[in-house]
Every structure is written in structure tokens, then in C-alpha cells.
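Two complexes follow with chain A in common, the first pairing it with chain B and the second with chain C.
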Partner chain A sequence: MPAARRPPRVAASRPVLRVGRFVSLPVSSRGVAVAAIALLVLLAVSVATLTAGRLGLPLAGLLPALVSDPGSAEGFVLSRLRAPRLVVGIAAGAALGVSGALFQTVTRNPLGSPDVIGIGIGAGAGAAAFGLLWPGIVPLPVGALIGAGVAIGLVWIGTGRGFSSPSRVILTGIGVSAMGAAFVQYGIARAGREEATVLAAYLSGSLASRSWQDAAIIWSSLVLLLPLALLLGTRLRLIEMGDETADALGARSNTTRVLSIVIAVGLSAAAVSVAGPVAFVALAAPQVAKRLARAPGAAIVLSAVVGAVMLCVADLLVQQAPFGVQLPVGVITAAVGGVYLGYLLISEFKKGTM
Partner chain B sequence: MAAARPGGSSGRGPARTSRLWAGLLVAAGVLVVVALLSLSVGSKAIPLPEVWSSLVNPGTGYSDVVVASRIPRTILGVLVGAALAVSGVIMQGLTRNPLGDPGLLGVNVGAAASIVTAAAFFGAGSLATSVWVALPGAFLAVVVVFLIGSAGRGSNLVRLVLAGAVVTAVIAAYIQAVTLSLPDVFDSYRYWVVGSLAGRDPALALQIAPFIVVGLLLAVWIAPALNAVALGDETATALGVNTVTVRLIGAVATTVLCAAATAAVGPIGFVGLAVPHIVRGFTGPDHRWLVAYSALLGPVLLLVADVVGRAIVSPQELMVGVVTAFIGAPVLLVVVRRMRGAA
Partner chain C sequence: MASILAAHGLRLAYGDRVVVDDLSIRIPDGGFTVIVGPNACGKSTLLKALARTIKPAAGEVLLGGVSIHSSRSKAVARRLAMLPQSPITPDTVTVRDLVGRGRFPHQGMLNQWSRSDEAAVAEALIATSTDGLADRLVAELSGGQRQRAWIAMVLAQQTELLLLDEPTTFLDIAHQYDVLELCARLHEAGRTLVVVLHDLTQAARYASNLVVMHDGRIVAEGPPREVLTAELVAGVFGLPCRVIDDPETGTPLVVPLSRARLSGRAPAPRAAS
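== the complex of A and B ==
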């Protein structure tokens, strides 16, 4: 009989964050490190946004300017032009990132995204309807929200099975988007030239002329919905393994899916109502976040930070780029995001996972 | 080359064929009626007998002038409707899926992009609507979509649609960037992009007619081969059909038809999706009959949409592109709902 051996040392389990008696969250050290780096990048981009260009504040004077009102010109640039835009951009990017992460996890499909189910173009149609055709009934963001809701409802009815079948959702979403696009183009063609240009910019997602009210809307939505998304974290990690396995392990897959989609739609609708339908951030940010985190699960916090970085970088480019006219930020995200998505599609098709 | 002639779901052989020929005559009759309707309805409604007499004995009275002004629009509607519907038949035959629509694969957007590019960088700021200008963009879009969608093993419709959505988004971003930077281009673009039969230069119909005729002839030529392709690539090859050539010719025909239609009236979607689908219920899967019926019923759908657009908000007009989107998209939704096994 072999001599009694000491029990083998258990491999170090994942570090756990404990707060008091009630909070105990497993934490991935790599995830935390990457999130910290991403936050630093976000800070750098924010500083760059506030200081770059002809109208930018000087770097040395930035901190004092944030604390106290520095006087007419700089105060105007800070409090009316750049700061609200930056603040809205951070929150909208975060909301889009989280929304995309939730969608992709519950559909188990890297292309699941609020973009393809018509939220964005529904918001555009709502903006066209309540901004141009029947102005004055509701404020524009509310109109955009209504349009987004109608689009989602149509997709839900149109698939015949709710959101459970990704291919059907994609096809139906494309049909609904086409209707929305036709409506929007009709609105633009009917409108006067000034309004048409403003509306056309809104349709592609723009952060121009955002106000502190918009910032309040998006930040309150984010503060409300992000913790809810985090609470679903464990269940989402289980859902990745398949519905039966998840159910056997106690994550009620149907309930989780419905909750996740509701939260994702809420976040996406909030982002769309303040920034318009910014393309592809909701699709690309979670993918980048997953590749950086290399951990199972939805990487919600990291998706939020990456989404915020993406949108702010795109906005910085748009503000400082040497075009004659300031383009809407959605044009950049669509172009870059589209190319990235094409690359993603090709690699997914080659792997045969689609 | 064995051309598949199915026995059909109802009736056999000769009885079925004569039924189809009779149906074709009925379709032609319906087209004539709808064309006359298109000449009659509008902000100034002209009763049909007057329309007929104005066509037979053209005079210079008020109603004659009105009818004469609607003739180019109707002719354009017939040409464009036929082009879009037949290109839909080809696309559905090539992808073996009843949801194929050339618009979903980015052809229309590609044509729009090259037209906008020409207007912005080479033109005088107004949209040059020559078909030669629209063709390069349309071909480029189709090629890129097929390249992305066919990466890896084979391609099914969802992959192509996804690739089409991506390419459409990128091209649309480019169009946005150009039009928002150049206000004159934006102004002409926003009227053009809705897709309308109204206000188009009458000479356009003459200009696009050769392209559409060529496209239709190509479609008729490969229709029997499409019947074989519908049985699967291996079976088609065993039957002596060169699937690569058929795909190539089909893609060329689709692109030419769509580019010509888009160049003339702007991007109009869903005609290519809805018409073959409706027609297939009557004719069955034989592509020769599908092409023939679609060439007649496509114009019917488009002209009906145009008439509806004129009648609904009279005396103003709703552009035909908007009406087809709102008719065709629900058709797509209904089809998707009824799809089985497409999880």
C-alpha cells in the first residue's frame, strides 16, 4: 500500500471579489487588466477630443477648466460643443457595446446584433415621421424610440417564432429595414433642403450638437440597465454551452434569453434615440472584447469600455478630419465596421460555423 | 441538354401546357389593362374611353396632352418592371432559394454609388443617368458579395444576404459621405434614390431598352439550364449543364437588368422578390414559364404600385419605390413566416 500522500494541491481557483457578506463575484485577472488598459485608452481619447484642433483647450488648462468656468470662449467650447458630445459618445458607445454583447451571447451567433433587426432604421423612420411629416407631436428622440419599438414589434411578429431562430430574425430584419429605409427616403425627398440635410445626417448616426439633456437620457439608461446586464453574467456564461446544458445547470435559458433581449433592446433604443443609428459598434465591440478577454462569458464590462472607445475614436476622427464638412460619425463606423464585418464573415464561413 | 419539364402539381402534360399558354394570354391582357389604367389615373383622371380614343386618334385637346405626358412613364414602368422581375427569377434560380432578390445583394446600391461618384467627381453636379455609368458599380458590388458569401464551403442564401447587407452598408456609407459633402449632389440624389417613375426624361426609355432586351434574351437563353441547376450542381453537371457558365451568364444578366432599371428610375426593391414568388404558385418551377410570366406580371405589379401611389394621396404622388417597399416587404415577411426548417 503506497504511503499516504498529501492531497494534491488544488490549482488556484479564480480570484473572487468579496464585498461584505452578500457580494461574491468571480473575477478574471486578465479581464480586469485589459479593462483597466481600455479605460486608460478611453481617458486618453477623451483628453484628445477636448484639446485637439483649433478650438481645443490647451492641455495645461484642461483640468482647471473642468473644475471652474474658465471664461467665455473656452467655457463655451467645453460646455456646449465638446463636453456634452464626448459624454454622450462614451455612454452611447458603452450602451451599444453591452447591447451587442447580450445579443451575441443569447443568439450564440457573432453576427447577432441589434443592427440587423432594424432598430436603427426604425429609429430613423420614427425620426422622419415625427420630425418631418408630423412635427411637434412628440420630441424627436421619443419619436425615434417609437419607431424603433415598431420595428422590433414587426420583426417579432414577422418571424413567427419570436427571436429564437437567428436566420429568420436576420431575414425578417432585413425586410423591415427595407420598409423603414423606403419610408425615410420618402421623408427626405419630401422635406425642404435644410431639414433633409439634418435628417440625412441623423440617419447615419451623429453626435453633432448633442446637449446635456441627451447626455442625461443616455447616462440614466446606462446606469439603470448595465447592472441588470451584469446580474445576468453567470447565466449568460452557461447559455453559451447550449440550451439543454444551461437548463440542466440551473440557468433558465428561456427566461434569460427574454431578459437579455429586453435589456439589449432598451440599451440600443436609448443609444439610437440620442445618437441615431450608429452602425456596427454593437457588432464589433463585443467581438473585440471577447478576443481581448479570452474568457468565457459575455465580457459585458469590457464590451462597454471597448464600445465607448470605438465611438469616441470615430467621433474624434470626424471632428478633426480634414473634410470640408463634418460627416456624421455613423459614416465612419459603417465604413470601418463594414470592412471588419466582411472579414469576420469570411473567417466564420471558412470555419463553417455559420 | 435535357430540359426538365415537370408533370406539375395539377393536370398532366398537354392539358397543363395549354393552361399555361392560356394564362400567358390572360397575363398579357391584364398588362394592357393596367397600362391603360396607368394612362388614366392621376391628379387629372381621364376616363378610359377617352384614353383609348386619345391613343387611337391623337389630337391636341387637354386630355390628349395629359395622356401623352403619361406615355413615357408607362413605357418606362413596363421596361423596368420586366427587368426587375426577370432578374429576380434568375437570382432565385441561381441561389436555389425563393427569397433571392437582386436588391438584397447590393446591385442597386452599387449602381447608385457609381452614379453618385460620376456626378460628384466627373459630372456637373447633376446625376447622370446613363446605364454605362451605373454598370461598373453594380458589377463591383455583385462580385464582392459573391466573393464574401462563397468563402469556405459553398454558399447558401443567408450567407449571401449577410454579405449583401455588409456590402450595402459600406457602399451606403460611402454614398453618404459623398452626398453630405456636396450639397448639389445631395439635392439631386435624394429625389432620385426613392425610386420613382415620375419626372424621368422620356429619352431614358429608349436608352435603357437595348440593355433590358439583352438581359431578357440572356435570361431566356439560360432558363432551361436553370431548371437543371435547380436539381443540384452534381445532377446539373450530369445532365450536361456547365454550372459555372450558367452562374456567370446569370450574374451578368441580373446585373445588367438591375443596373439599367436602377439607372433609369432609381433603386426599386422587392419587385424581383415578390413577382417570381407569386408567379411560381401558378406556373410551377419551370424557369421558362417563370421568365415569360414574370416579364408580363412584373410590369403589372410596378404599374399597379405606381397607380396606387398616384391615387392614394391625390393630387400629390407617392413614389413607386416607397409603395413597392411597403407591399413587397410584407410579402417577404409572410414568406419567412411560412418557411419551414430554416432555423
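== the complex of A and C ==
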């Protein structure tokens, strides 16, 4: 009697969350563990942000202060000074991290991130244009979105073949970045001295004196766009293998790329409109997340958490380190980011991907 | 002969440069079709059009009688798989992960890793003898192993049609035959194969249906024994040759003529009759 055909014996590959027959989601245990640790770090940084320094709340008084009257001293520090700043910082860092992860995946290059290819400075230029040169036409966040849209449009046109060639996107983007910077300088030159000072601080990226309105803008963008980014996750993994492979698998690389870029530009613009074009976070957070997760594909959730940690740590540093002046947070991220960008350029050049 | 995959009146162009014009082809079901032709004859372009990764400027590709470009892309990918000539290997992907990605057309938003996905991946790993490599990084494999992993990825798609674009390029000769033997086994197991190859002798040895292209047109097609003649090779590739029986398989074997002998600089070998 012939033996019944046995199912192939290859060890089961990965933990899967199954609910009935119709829900099955692969779970990366390492990914979950890393994300949990990163969230704990974020919590620690948040507590430090609220409690450290001269005006800091005592650790024991933190919970009562959350529910206390904003009129009281503790309530004022919390609800006016530290909390909005922290809440905006978390969401802006997360938005930048996700935006970077999306851009880097669709361009298949760590340098294809929004701050290298001019999206950040474009959003800044948009904010400058509609905040200073022609105020009152559209709200600042919309101005930033328009600026970011114009920048990505210029990159698209400038490459001559859309986003299919990463090195072209990066080189064109560096040019667009320079144009954005020039426009911003023009705005500063045109503005009055006081406005120019405010704008200069804003344009290096700052979380100082944020309002709850800023928090609402960035959190609503994040709540809207992050799930859309997650939905694209599987298709983005396929784009990693080349457009042709992705197309053959039915993942429609062009549509996926365009949708990803729209979402990434939206997230970038929202972050820039509340925190200014903070450098480095969008570039580095996805790379750190990728190394922590040790898995291929865009680690979207982890990039968000790592981005939030990075921005909040940098902001804690500018608030508490003795620099003598209140530096904008973007100065720290740009200083660290410059070194990292140099490292990336050299390593990509060695790999021959540039 | 029945054809699930066919094309008619195809015009394929990159921008203004027309590579293929008014081409029609029927892929025999259950056959092992090999497309050959000189460089830039449009064979890879034709394969891409059949796999709907490029859009024809005119004409259409039919899959089961329905235009492939108006069908849902995932539905097409459940019937037709294609491995491009040089897919990009992601940095940190293991063989098992790579093969798992071939399951994309069978997955939904909530159903991302069903038991049939698991089974299909296991089967594909075994069919390509890559099960022992499942947890290795694809980037660290040798060329031959990596190619088998990629073929496993398209096998996991579990399609009736399998299109491979020059799967033997960049491999040494032993690994080329490994890949071709694997193709032959898949063909025997009932899949319809369409493969672009460079080597005429390999094409003749494995194909059940040989398609010869030249300047964007199909100049001959049919069983290799009927199609592959010295006149055809001379006309299409510009290579004077003799076509003899392969002593191993009896299929046509292309032996280029010695240029030195043609110009009278070398004596005829003794064995020649």
C-alpha cells in the first residue's frame, strides 16, 4: 500500500497570530521585544523631560500634577511648558521616522530620506512663505504641506524619470534642498529683525513653546497617516526586490510608490509645520530601527518609536544641558546628523549604490 | 493546441524606440517554451510584456482569454509567476523570508500567513533543494544557491505558468545545468514554462517548443529538431555553423565553424567526414 503523502517537513517558520481561519498575522518576537524596550525608553525620557531641571516637577508630584488645576504652579509648568513640548516632540519624531522609512524603502537607499532630498527644507520654505511673505492666505501647516509638495514635485520633474532611479532622486534632491535653503534666506532677508529671529529658530527645528494646537495638528496627522503607511507595509517589502519583481507579484510598484510618497510627504509636512525642519531624525531613525529589528522591510512602527525617542532625547538635551543659551533642538540633531550623513555617503559610495 | 497565455498584435516600445512590432504568440499549455535570439532582439521585452510588467503600446496579452492588463494584478499573479533577470536581494532577508514573499498574491490584509502559505513555502523549498538553506541570508549564498532560492520564491506563488528571464546568466556551467534540470522537473510536474535563454544547445536540449526571435519578430517556432537548423543560426545570429545530433540526448547541437578553417588557414580535422 502506498504511504499517504506526508506534508513536507520543514520546520515551521515564524510565530503567527491566528484568529479562526481568516485572520493570520505573522509576528516577529524580536520586533515586539525591541518595540517594547524602545517604548520603555521613550517613557523614561518623557518622565525625565517633565521632571528635570529648575522648573521640573517632582517625580512624586507628577501624577497629581496631571489632574491638577492649570492655574497652580505645577499645573502651569506641566500644561503650558513641558507637556505640549513633549507631546509634540513624540509625535513629530514618530512622523519623521515613518516618513523616512517610507522614503528610504521606495528609493531603496538610506540617503533617499526627506531631509536629504529637500522635503524638510521645502516644507520650511513653504512655512516661511505663507507665514512671513504672504501671511493669512493659508494656515502655516498647509503652507508647509504646499512647500513640501512643491519640493517633491521639483524632484520628480528634475530626475526626468520619476522616482525609479534612487541616485537621480538623491542628487536632484540635494539641488532642490539648496533651492529651498535659498528661498528661506530670501524670506529671512525680507522679514523684519524680530520675525527673522523667530523664523531662524523655527527653521533649524525647535520644540520650544509649543501649544496644544500644535499637538493636535501633529497627532491627528499621525493617527490618520500611520495606519495607511502600515497598510502599505507588505507591498513595500516587495518593492525592496525591485519594481519588476514587485509588479510580477501583483504589488503594483508604481502605485505603491506614489501612495507611499504622498503619505510620507504628508507626515513630513505635519512634523515640519509644528517643529520646523528638524534634521537627521528621518534619515537615521529608520536605519536604527532596521538594525534593531534585524529584519528586512520597512520597520514602520519601530521607526516611529525610534524617531520619537531620538527627537525627545535631543530636546531633553537642549533643555537641560548647560549650553548657555536655549538652543533649538534641530541644532543638536543637525550636528549629529552631519556626521552620520558623511558616514552614509561614504558607505553607499563604497557599495557602489551611488 | 490550447493556450492559456497568448498575445496578439503586440507593439512594445521604450519611449519612442519600438522593440517589438505586431507580434503574436501562443504559449502551448504544459509546454516548456524557450525563447532565444541575438542580443537586443526583444526576447526579454516580450517576456516582460507576457508577465504584464511592461505595458504594450498596442495589442494585448490574453490570460485565459481575458486581457492581462485589465485584470486585477493579484489575480494574475495567482496564475502567472515571473522571475526577472536581476531581482534585487534585500540586505537582511533569509531564504525562508524571501520564498514567503512569493505568497503575496494569496494573502489578504488580515490573512497574511495562513497554513497554506506555510505549506506552499515548505514545498517550494523542498522542490528547489533549498530547505537546508532556509535560515541562511540570501545575500550570503553562492550564485547557484541564490538562483534556486529565487526560483523557490516564484514556485511558492503556486501558479500554472512560470516565466523565467535568463535564469542561467551569471552562473557557472554546472549550476546552469542545475537550474535547467530543475526547470525540466517543474515541466514534468505539469507546469507551463516560458524561459529566455542564451545558449542554443541548452535551449534545444530542454525546450519542447523553441521560439526564435530576430529584430523584434518571431522568425521560427516549434520543436527544436525542426526549428534549429544551420541556415537559421547563420541567418539570425550571423554564425556559420553545423548542427549535429547531441550525442547525449539526440537533440540539435550547434557547432560553430572554425573561422581559421573557413579562411583556409587550418587543416580540416581528421574526424570530419
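Note that the second predicted complex is superposed on the first by the 329 of 354 C-alpha atoms of A that agree within 3 Å, B and C clash if a C-alpha of one lies under 4 Å from a C-alpha of the other, contacts with A are read in each partner's own complex, and residues count from 1 in each chain.
Going forward, contacts are C-beta pairs under 8 Å (C-beta built on N, C-alpha and C of every residue); 3 or more make two chains touch, one makes a residue touch a chain.
The structure presented is a predicted model; accordingly, all values stated were derived computationally and were not measured.
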item: Chain C versus chain B on the shared chain A, clash or fit after superposition; value: fit
item: Partner chain(s) touched by A:G192 [first = chain B, second = chain C, both, neither]; value: neither
item: Touching partner for A:V16 - first (chain B), second (chain C), both, neither; value: second
item: Contacts of A:L171 with chain B and chain C, given as first, second, both or neither; value: first
item: First, second, both or neither for A:A182, with chain B first and chain C second; value: first
item: Partner chain(s) touched by A:A251 [first = chain B, second = chain C, both, neither]; value: second
item: Residue contacts on chain A - larger count, chain B or chain C; value: B
item: Superposition-derived angle with apex at the Cα centre of chain A and sides reaching chain B and chain C, degrees in steps of 10; value: 90
item: Gap in Å between nearest CA atoms once chain C and chain B share a frame through chain A; value: 13
item: Chain B/chain C common contact set on chain A; value: none
item: Chain C-touching residues of chain A, taken from the complex the two chains share; value: 7-14, 16, 21-26, 108, 231, 234-235, 237-238, 240-245, 247-252, 290, 294-297
item: Sites on chain C touched by chain A in the complex; value: 48, 51-53, 72-78, 81-84, 86-93, 96-98, 100-102, 104-105, 107, 109-115, 117-119, 121-123, 125-126, 131, 134, 154, 157
item: Interfacial residue positions of chain A with respect to chain B in the complex; value: 111, 116, 154, 157-160, 165, 167-168, 170-172, 174-176, 178-179, 181-183, 185-186, 188-189, 193, 196-197, 200-201, 204, 279-280, 323-325, 327-328, 330-332, 334-335, 337-339, 341-342, 345-346, 349-352, 354
item: Touching residues (chain side chain B, partner chain A) in the complex; value: 99, 103-104, 148-149, 151-153, 158-159, 161-163, 165-167, 169-170, 172-174, 176-177, 179-181, 183, 186-187, 190-191, 193-194, 269-270, 318-319, 321-322, 325-326, 328-330, 332-333, 336-339, 342-343
